[in-house]
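Each of the two complexes below includes subunit A, the first together with subunit B, the second together with subunit C.
Up next is the complex of A and B:
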C-alpha cells in the first residue's frame, strides 16, 4: 500500500499532503495563541491594578527579535540549498538556524531566572516593595531545610509545643521537614498519649498500637494510618448494611409512604453495633508533643497562622505561640505607589497625601528620602513638559503630563541616579545590569540600595517572587513566552533532526527531504511571527 | 503512485499481532479501537449517572448492592456516608459523567470511529494521509481518558466542578491537596490537554485526507454527505478546541503556579479565608474560552450522527437523499455559525444586553441550517419504499427525537426565557434529547449499517428490536419529565433531587406557606419514575452488547460485498477490507445517491460503476 502525494503535489489541489497538514496545524496554532492574546486584551482592559507597562528590560527582548528574524531567513536559505542539491550549504544554514534558536533560549532563560529570584510584596495599604530577600542565619551559619538548601527570610515562625496530624492527609515531605527542623533545634517530638484501638471485631480489649513517648516517624504515622483506614472501611460497611436493614423494616411498616416522609425516622442503631463490639476504632488524628517547645518555620503559603494555634494545608494542627515573622529584605530595589495612588483616586482622596501617609514613608527614612527625590524629579519633569509641549488652549491643562509610573514608582535605576547625584534616567548602568538586574555588591560602597529592611508580617497583604503568581501581567508573560519557548525548542528539535539525520534521505529522495524542510520552515516562520506579537505587547506596551 | 513506490514495497509484509491489533496504523483498525474504547467509556459514564439517579430518587437510602459492589469498602468509606451518596461524591460523578460522555464517549465514537473507518473508504483512499499520526491520535486520546479517570482512586477524588469546570469554583476545588499534580481537578486539565492534542492530530489528518486523497472523479459535489459532515467536524475540532486548550493551560497555571488568570480580587472562602492570590483575573474569561469550544463541540457531537443517518436513509428508502446540495451548504453554514453563538450559554453572567442580543440573533440563525438538514432527511422518506432494516429503525427514531431536542432549545436561545430556564432540568432535558435519543440513536444506526462491512456478518435483527424499543421508551421516560421539572424550577445540580426544599410538615397535605416547597412536592415523585427509566435503559443495552459480540462469530453471513445494495465507495471493497482497502483503483463516475433512476434497470447505480455508454448525463453529478 502506498499513500499518494507525499512527494509530488496532487494536480487539482496543487499541494502535497504535508503542506496541507502544516497549514491546518498553523491555523489551529493561530487559534491557540489567539486564545491567549484575547486573554491578554480581556485581562488588561479589566485589570483592577496598575498594569506594569514597559517593565521588562527591552534590550534582551530586542536582541531575541532579531535573532529569530535572522533564523527565519537562514531556514529559507537552507531549504533553497536543498532544492539546488547543495548539502554543504544546507548544513551551514540549518546550523545557523539552530544556533539562533539556542541563543534565543539562553537569553530567555537568563530573563526568567532573574525574575524567579526577585521578590515583590503588596503591603496592606497597597504600597509595593520590590527587592531580594536575605537568608536566615543562626550562629553565623545559614539555616538549611531538609533538602539542604538555604532558608529565605520569609517564614512563619511558630513556638511549637504540640503537633496533631491528620492520619489520612499528612504530607510526607512536610513531616520530614518538621523532623529535620526539630532535630536542628535539639527538640524531640513524641507521641502525646497511648494510641489504643479495637482492631478486630468482637474483641473486648483494645490493642495498643503505639505507646506514649514514641518518637514521631513516618513509619509510625503509616502504621496508625493503616489501622484507621481499615477501621473506617469496616465500620462504613457495617453502618451501610445496618441502614439498609432499617430502611427495609421501616418501609414494610409504612406501606404507601414515600421515602422523604420516612427519612427522619430511619436511623442506624449505632449503640447496638457498639455494644456488640462490632465497630472498630477510627483514629483520624494523632497528637505529639514537642519538648522543649521550639521554633518551627513554615512557608507562608502552606500555613494558616493563628495567635495560639495554626493549621497546615494538610490539616496538621500546630499548637504554639506565633512569633514575629517579618520578611527580611536584603536590598530593596524598587518602591511603587501606583496601586496605592489608584486606590486613593478611586476613593476620591488626594493620591500625594495618601502616599505620604503610607506606612512605609511614615516608618522608613530611606523611603521618605527617595520619595522627596522623586517629587523633585516629577516637578522638574512637569516644568520641562510644560515648556516643550505647552498648554491646551481650550482646557487650560498641560498637553503632556508625567505618567503614573513616573509619578509614583521609584525603581532601581532611580536609586542609581539618586546615588550618582544626577537626574532620572541619567544614572550609569552597566550593560550586564541591563540583562541581570542591579549589581548590588558593586554598588554597596555607594549605599545605592537600602540594605537590610524587615517588613513586619502584619503589613504584608500579598507576597510573591516575580512569577505567574505576582499578577496577571506576569502570569500572561510567563505562560505565553513559555509556550512560545516550547515551540522554539520543538521546532529546533525537528530542524536538527533534518540536519543530523537527513543525509540518507538526501541521497535517496532529496525532494522529499526538501518538502520536509519546507514544512518545518513554515512552522519556524510561525514561531517567529508569534514573537513579533509577543515582543511589543509585553516589552513595549 | 509516486516514484518511490519501490522504496516502500520493501516494507510491505504481513504485520504481526501487535502491529495489526494494538499499534495498528490501519485506519480501519484504529476506527474499531476508537469505537470499542468509546463504548466502554460510554458505559462507564452511564454507570456514574445510574449512581447519581439513585441519589436523586432516594437521597436518604444507601446505594443498593447491585450498584455498589464494584467499589472496595475503603473507597465507599471515603466517598459514601453510611452508604448514601454525599453531595461531594454526586458532584464528582456529575462532573465526570458530563466529561466522559462528551469528550471520551460520543466524540470518539462519532468522529474517531465512524470518521476513521468510513471516510477513507468512501473517498476511495488506501488509508488516511498520515497513518502513524492517526495511531498517535488514538493513543493520546486513550492516555487522556485514563488520566482523567485514574483520579477516581486518588485521595482528592476526580474533578468535581462540573464538566464546564468554571473558575473560581474549579480553582479552589482540591486546593487542600498539597501536591497539586495529584489532585483530580489538575488531572482533569492534563487529560483535557491530551484530548485536545489527540483531536488536533485527528482533524489535521482528516482534512488532509479528504482534500488530497479523493479517488479519481470524486469531485466535491459527488462526495457522500458523511464525508462533508466529517470535513466540517474536523474543522470545528481544529479551530474551536485550541482556545479551550489555552483556557486549560491558564487554569493549570492557576492551580500549580498560583496565578490569577481566572481568580478575581478579594476572593474569600470558608475553608481558605481570604485567598492568598494576587487576584485581578476574570472568571468570565474562562466562560468565554470554554464556550468558544463548548458550542462548536455540540456540532462535533451532532454532525457524525447526521452523517450516519444521511447514509442510512437513502439506502433504505431506495431513493436519493432529498436536497443533497442544500444539505451540504447547510452543514457548511452550520459549521461557520457555530463559532459565533457561544455566549448564549452565558446570558446569566451579566455580560450586557448588547452582547446578549447579538448572540441571541446568531443562535436563532443557526437553527435554520439545522432545520434544513433535518427537513431534507424527513422529506427523503416521502415516497420511498422504506425497508425497516435494523439501522433504519434507529434512523427513523433519530429524526423525531432530535427534533424534540432541537425545538426545546429554542426557548433557551431567547435570553428572556432563559432567565427562567437557565440551569434548570429543562436544560438537561433539552440537551439530553439531542445527545441521547438523538445522536446516540444515529450512531447505533451507524454501527448496524457498517457492521456487515466490518465483520462480514449482519447483526441480529431480533436482538436489535429488544434493544431498540425499550431504549426508545426509556429515553422518553427519563428525559420528558425533566422538561416539566425544569419549567417548575428544579435546579440541575440538586444532589438530592429537591428533597432539601421540601417542607415536610406541609408538603404532604399540598397546602402550606412555602410555595416553592409545594412546587417541589408536586414534581419530586417524577424522580423515581425517571430513575427507574434510567436503570431499565441500562438493562436495554444488554441485548446490544450481546449482539455486538455474538454476531461477530454467529451472525448471518453477508451475501455479497455490497449487502445493502448501496451506492457509495465503501461497498466496493472486499469484506472485510484488507490493508490498503481496494483491490482495484477506484474511480467515481456519478453522484453518491443514484437510487431508482428511471433510465436504469437496477434500482441503484454504484458510484464506481463505469457508465455503459458515455452519455454526458451520467458523468455529471446528479442533483435532485
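Up next is the complex of A and C:
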C-alpha cells in the first residue's frame, strides 16, 4: 500500500505527515522534560539541606555541550546534502553526528562511573565527608579481602559464633560468601543439632534428615528446605481437606442456615491431627555453630546489626558480638560543613563555633589543619571583596561576601592548594583529574592527601555513594541526564539506520529519505536543546 | 521553507553562523559562572546568576529552534502544536510557585519548634 503524504505536503496542514507526527511528539517531550525541570525547581526551593551548587566538574559537561552542538550542526548539513543530492557528503556529516553521539555517551559513562565509586557520609552532627572507602594498609599494601580484591565498601564486622538460616529465605550467594569467609579464617560451620522430622503420615518414628556436626553446604540447606517444603505442602493440603470436611459436617447438622452464620463454629482440631500423627514436621529454621567463633564481614545494607545478635535481610540470624566497624576512608576528598552550619544557624547558634566543636574537627588533626587553612583563605577573600567592592552605605555591610560554599566546604582542590602552599584555586590540577577526580595514587607519594579517616559507626548518620540516594540533587541529576542520555541513544540509533540502510531509498526516492532525515534531525536538535538547559542548571547553578 | 538546492546552499552559511553563535554562547555561560570579574549580583551564585544563565540558555535554545529546526519559517500547524506544549510547560512551572506556601516549610507544621530562632548578625548564610 502506498503511504500517503510522505513526500508531498497535505493540503490542509501544508506539511508531510511525518513532520506533523514528530512535532506532536516533540510537544509531548517538552512537557515530559518540563515536568522534570519543574520538579527540580520545586525540590530546590524546598530543599532542607544546602543545595550542592556548582558541584560537578564543569569540563566534562562543557565538552559534552560542544559535542552536542557540533552534532546539531552536522545533522543539519547531512540533511542539506541529501536535499542537494550528495550522498557522499551525507555519509560524512551523518557519520560525524553519530560519532559525536558515541563520544557524548562515553563521557557521560565516565561521569556516572566516577560518581558510583564516590562515597559520601553524613555524620550525626551533619558534617559531610566525601571520598573513597578502603581499609588501612599494612607494609604499604592494601588490605585485600579473601577474594583478593580491594575492599571498597564499609563492612559490618561480627564475631560470629552461631548462624541460624531461614529454610525458605536463605540467599545462596550470601551463604557462599559466609562459607568462603569462614574457610579463609579457618573456622568450621557445623550443624548445631540433629535435624529430625516426621516425614510420612502416621509414622511414629522421626526420620533423621541431617546429623549434628554436618558441615554447612548449599546441598545440606537444600535437603532441609526440600523436607520443609514437602511437609508444609502436605500440612496445608491436610488442613484444607479437614476444613472442607468440617464445613460439610456443620452444614449437614444445621440445614437452612447461611454460611456466614456458621463460620465461627467451623474449626479444625489441629491438635487431634497432630496426635493422629498426620501432620509432618516443618523445619522453618536451622542452626549452625561456628567453631571457633570468627569475624564475618557484612555489607551495611544487608545487615541489621545488634550488640549480641544481628540479622541479615534474608532472615539469617547471626549470634555474636558486634566488633568495631568504622567507616574506613582511604582517601577523603572533601569535608563539608555547610549542612552543619545551616543547622547551627537554624538553632540560633554561631556556625563557626559549631564547626569547631564538631566531632571531625575535635578528633582529626588533618581536618583541624584544613579548617584553619580554610579560615585564613576566607578571611583573605573577605578582605579582597571588601577592597574591591566596598560596603553598602545604607546598611554598612560589605557589598560582597564569601559564599557558604567558600566558608564551609574544603574539597580536594583545596587540599592540593594547601599542600602546595598556594592560595585557593591556584593548586595545580591535571586535565585527567578534572574528569576523574583526584589522582590519589600519584598524589599519595607527595603526601598531599589526607588519608585513613576512620569514622566510628556510631558517628554515621547516613552513608551512600553519589547515587540518587544521596540527596534530591543527585536524584534529579541522574533522572534528567539519564533520560536525556536515553534520548541520545535512541536518536543516534535512528540516524545510524538512515546512514547505513538509506542508500537503497536514496536511489529510489531521495526526497523521502531527505524527509526522514529531516524528522530524525528535528528530534536530534531537540535533544541538543534539552542539553542546552541541563548543562547550566546542573553544572553551573 | 528552503527546498531547492540553491536555497539550501544559501542557508548553509546561516547554519554555520548559528553553530558558531552556539559555541560562543556556551563559552559565555561558563565564563559568567566561573570568572569572578563577570560575576553579577552578589558574590558567588545567586538569583542574578540564575537569571543570566537561563537567559543565555534560552537564547541558545531559541537559535536552535528557529534556525536548525526551521521554526523561523514553518507552517501554522507546527506553531499550534509546539506552542500548546510550551504553554502547558509554563503553567507547570507556575505551579512551582506554590512551593513557597507549602506547609512543609512551616517549622510549626510538625509542632517541633516552639520558638522562632533568634536572627544572627554574622556571618550570613544564603
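Keep this in mind: the second predicted complex is superposed on the first by the 486 of 541 C-alpha atoms of A that agree within 3 Å, B and C clash if a C-alpha of one lies under 4 Å from a C-alpha of the other, contacts with A are read in each partner's own complex, and residues count from 1 in each chain.
In this section, contacts are C-beta pairs under 8 Å (C-beta built on N, C-alpha and C of every residue); 3 or more make two chains touch, one makes a residue touch a chain.
These numbers were taken from a predicted model, which means no experiment stands behind them.
Visitor: Quick one: is A:84 in contact with subunit B, with subunit C, with both, or with neither? Answer first, second, both or neither.
Guide: In the superposition, A:84 contacts subunit C only.
Visitor: With both complexes overlaid on chain A, does A:215 touch subunit B (first), subunit C (second), both or neither?
Guide: A:215 contacts neither subunit B nor subunit C.
Visitor: Using the superposition on chain A described above, determine whether A:66 touches subunit B (first), subunit C (second), both, or neither.
Guide: The second partner, subunit C, only.
Visitor: Per the contact definition in the header, classify A:247: touching subunit B only (first), subunit C only (second), both, or neither.
Guide: A:247: touches subunit B, not subunit C.
Visitor: Now for A:13: first (subunit B), second (subunit C), both, or neither, which partner does it touch?
Guide: both
Visitor: Thinking of the overlay built on chain A, is A:24 touched by subunit B (first), by subunit C (second), by both, or by neither?
Guide: Both partners, subunit B and subunit C.
Visitor: Given the touch rule stated above, what does A:478 touch, subunit B (first), subunit C (second), both, or neither?
Guide: In the superposition, A:478 touches subunit B alone.
Visitor: Identify the partner contact of A:490: answer first if only subunit B is touched, second if only subunit C is, both if each is, neither if none is.
Guide: Touch status of A:490: no partner.
Visitor: Touch check for A:401: first (subunit B), second (subunit C), both, or neither?
Guide: second
Visitor: Common interface residues of subunit A with subunit B and subunit C?
Guide: 13, 15, 20, 24, 27-28, 31, 34-35, 38, 42, 46
Visitor: Please give the residue numbers of subunit A that touch subunit B in the complex, ascending.
Guide: Result: residues 1-8, 10, 13, 15-17, 20-21, 24-25, 27-29, 31-36, 38-39, 42-43, 46-49, 122, 168-169, 171, 174, 229, 232-237, 239-240, 243-244, 247, 258-264, 266, 268, 300-302, 304, 313-315, 462, 464, 467-472, 474-476, 478-479, 483, 508-509, 512 of subunit A touch subunit B.
Visitor: Subunit C touches which residues of subunit A in the complex?
Guide: 13-15, 19-20, 23-24, 26-28, 30-31, 34-35, 37-38, 41-42, 45-46, 53-54, 58, 62, 65-66, 69-70, 72-73, 76-77, 80, 83-85, 341-342, 345-348, 350-352, 385, 389, 400-407, 521-522, 525-526, 528-529, 532-533, 535-537, 540-541
Visitor: Sort out for me which residues of subunit B touch subunit A in the complex.
Guide: Contact set of subunit B toward subunit A: 1-5, 7-9, 12, 57-62, 64, 72-74, 76-78, 80, 82-84, 126-127, 129-131, 155, 176, 178-179, 200, 203-205, 207-208, 211-213, 238-247, 249-250, 253, 257-261, 265, 272-273, 276-282, 285, 288-289, 292, 499, 502, 504, 508, 524-525, 579-580.
Visitor: If we count contacts the way the header does, which residues on subunit C are in touch with subunit A in the complex?
Guide: For this pair, the touching residues of subunit C are 2-3, 5, 8-9, 11-12, 15-16, 18-19, 22-23, 26, 29-30, 33-34, 42-45, 49-50, 53-54, 56-57, 60-61, 64-65, 68-69, 75-78, 81-82, 84-86, 88-89, 92-93, 95-96, 99-100, 102, 104-105, 117-118, 120, 123-126.
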